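To start, the structure under review is shown below, and the notes come after it.
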């Protein structure tokens, strides 16, 4: 059906070079196998027939990610002769958000920008994000998106479809199966079992029980699903902040206790970020690590079968798996929305997803792309897909979430250094969530 | 005297070794790291490093340098740094040499206060200028442009160059110019044909400093260059410093290449630069 | 080299201005034409922005809603008086200034004395001394960050091998240790400037003074106390002043290596202002910067007066 549609449109075109060169370009991405899945790639003829140039700002986690973005955009530009996308991908996630906000205020926003779920509501509230709902509803592949992804795309249930996620990043608990076996321990399912296991598996001078982050906001992120599973809502439906409630504080105390009391986290936790934590896991310096599935290719390469995964521990109420969607949105100042949407469709198609999502350890958000053998055969991806019903994010749509996320990091370091108590930390965080400070 | 004569054969090499070690070992270490192979990444994986400390890499490689250009638009960053540094150098030399000549060769109403004002401008901390320049640059579309960056770099380099050139110009005998003027040269002609050639070493020194200061600057570039098209190397160094994932070998290669131009300039023009440093007013 | 020392020591009168009577009338505007470009440039990029910073510091401006910014009087400064990050920042700034500047001096004096001797390879050693100063600070920060890393740092590896440490230490996790590592990186980067300036002064001291003292039987220490030190003293005072001003404003090394952390333990006032800038709170950020500049103004004014007196004959 789609193929017929494609050919019919192709005939109507003055020449077929657009489609042909798109095929060629896709092959050059080196992911030709995935591109061959019929109807799953970006197989539409371009709807936009005039010369259009679009600015696309997004972030790159590292240089190779950046290269993939450059290649994807190149492939899009070569695939048709009407739309030219200019990519700017040299900044990091938080910097891109600031850059877009400030540029918008100055009337110089890009046409398309990359965003994590965390920032979507902010962008929408600020009037920067143009909901793609009208174009999305007309699209014949809209049913290909997982139902819970469609909910994320609205950010709030009553809102229209806001943006196009390309991939999702579920967080799981990685653990050293060999050490757990030797110690006769089972991978922890509950939060208390996790804290106890971290203590038991620790060998002072050799390895820590848990690889703990401390340097930035992402230190707190792995705990978010644990708070969530304990029943903490951060912000209740009627706008009350419950993050300083005793339930939340108890979770914090136990976590910080791993570092301050149990000594089951590594001594350098306060200043450690991703490079340090990865190096710790890789050389056998820690037994457990809560992190995104994007670490699995590297961990697997370094440790093989010794590294295994389970869902993040449950602290009592409902199991939660932190799963942050990431994708692209169209700005309100974009003058060529259809062209921009065409680019979003491309970014959601098999090749860019194969490269920018699957090969980097992210999961696709579309059913048709989830049959990829690279997903089916991966034990870590399987944990995430098996528990897809528990995928969850904290209330990113809350108006003060950014205030909390941007300012909490130094206080977390203070809590680890015992300059403030866990309770004081929660109170500080709650104040930031209330928009104070 | 005697004891001193005895100590000298040991003291000099020992002192030299200490100083050389302190100054050079960190640099040598990063050079070694830049030729130490990264752990091979698995297929499809982003590059990673679980590097153990390796003092004498058994298989030195240039792969890190290749990876640098292959995976980051490093050549673009390099070009950006060069454009901004050269642009700053030209601006600083142009306004600095004219100003220095004016201040040295003329006595005019307001000379003292005006000179003090330029010195005061030099003392304005960059942290005070960050926010207003950010706001003003956004208003006038100078964010993410070369001219914007060059102007920002000029806040420090222009007054510095002025100071340095005042020194050089005032050491030149005015009689030469007078002779030139009697020969029919205009004042500007005298500056161009007599003073500037004589002050060439001073101009070189000022230019080199302006270049190096702009090449090395992090703060303005970090705030005013958020796009790959204008980002300079020090901004990339910070990304490497907190890079996800860790890419020690490639970061080290980047650090080596970032350093190389200024290090070579320094080694090539040591005497000039050291005499400029000795003038003492370098900012930062 | 010695010519330029005059500016520091203030011994040499410079600037032989000349008058050409023939052109006096026409030339009245000419000097202004020469100095106008730099004055206009600085007016645009330094003076006006600094005044603008003062204005911003009296507003509640945020970069996101600049148009809605309005005057709040001294509110930001009142807020500073109750802001623990700012108040602790005073101490952090002082600690940073003193540690860095005095350490630089403590290293620079012996290095300069050493370089003032004649020995083969002196030019090479002198070049090596200056090299760290030429390195981009961002590179130095990266270098020291990696050297002192708690998981794969070469310093940890060496200390463990030598036996001074049992296992790796997380240098950047501690408030004091992260401060010391950052300060050490700064000293490594900044010391050469002091050493070279001091060396230039040492080279102006007439050797006859030392010879005479030796004949009188003065020991090396006495010669240092009675001849070298008095000659160096004005320059040392000048350097301490200048470096303290610059170090109070310094951001790069602290920001890249620690982001001001752990906690707020390395938030100097300039780093605090910079962090606020990044959170787009430009009004409050300007208030911190302006407060810092005011505090340094007295020192700066003293320096400017000194310079303009010595530069301008």
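Read from first to last, the chains carry the letters A, B and C; within each, the first residue is number 1.
The criterion applied here is as follows: a contact is a pair of C-beta atoms (placed from the backbone, for glycine too) under 8 Å apart; a residue touches a chain by one contact, two chains touch by 3 or more.
Fair warning: this is a prediction, and the values are worked out from it, not measured in the lab.
Taking contact as defined at the start, I'd like the list of chains shared as neighbours by chain A and chain C.
B
Applying the document's contact definition, name the chain pair with more C-beta pairs in contact, A-B or B-C.
B-C
Let me have the rounded angstrom distance from the C-alpha centre of chain A over to the C-alpha centre of chain C, please.
Roughly 42 Å, centre to centre.
Which integer distance in Å separates the CA centroid of chain A from that of chain B?
39
Rounded to the nearest whole Å, what is the centre-to-centre distance of chain B and chain C, using the mean of the C-alpha atoms as each centre?
Result: the chain centres lie 15 Å from each other.
Quick one: which residues in chain B touch 2 or more of the other chains?
51-52, 138, in rising order.
On chain C, where are the residues touching two or more other chains?
Residues 63, 66, 152 of chain C each touch two or more of the other chains.
Going through chain A residue by residue, note those that touch at least 2 other chains and give them in order.
Residues 102, 215, 276, 279 of chain A touch two or more partner chains.
Which of the residues in chain A come into contact with chain B in the complex?
Residues of chain A touching chain B: 61-67, 70, 88-92, 95, 99, 102, 106, 108, 215, 273-276, 278-279, 282-283, 297-298, 300-302, 359-360, 374.
Chain A touches which residues of chain B in the complex?
Interface residues on the chain B side: 41-42, 44-52, 70-73, 138-139, 141, 143, 226-229, 231, 239, 242-247, 250.
Sort out for me which residues of chain C touch chain A in the complex.
Listed in rising order, the residues of chain C that touch chain A are 63-66, 149-152, 166-170, 172-175, 178, 258-264, 278-280.
Spell out the part of chain C that touches chain B in their complex, as residue ranges.
1, 3-8, 14-20, 23, 27-28, 30-35, 37-39, 41-42, 44-50, 52-53, 56, 61, 63, 66, 111, 114, 117, 119, 121, 123, 125-139, 141-147, 152-154, 157, 188, 192-193, 196-197, 199-200, 214, 220, 235, 238-239, 242, 245-246, 248-252, 256-257, 270, 273-274, 277, 282, 285-286, 289-290, 292-293, 296, 300, 303-305, 307-308, 311-313
Inside the complex, what are the residues of chain A that reach chain C?
98, 101-102, 105, 126, 205, 214-216, 266-272, 276, 279-280, 285, 406-407, 409-411, 413-414, 416-417, 419
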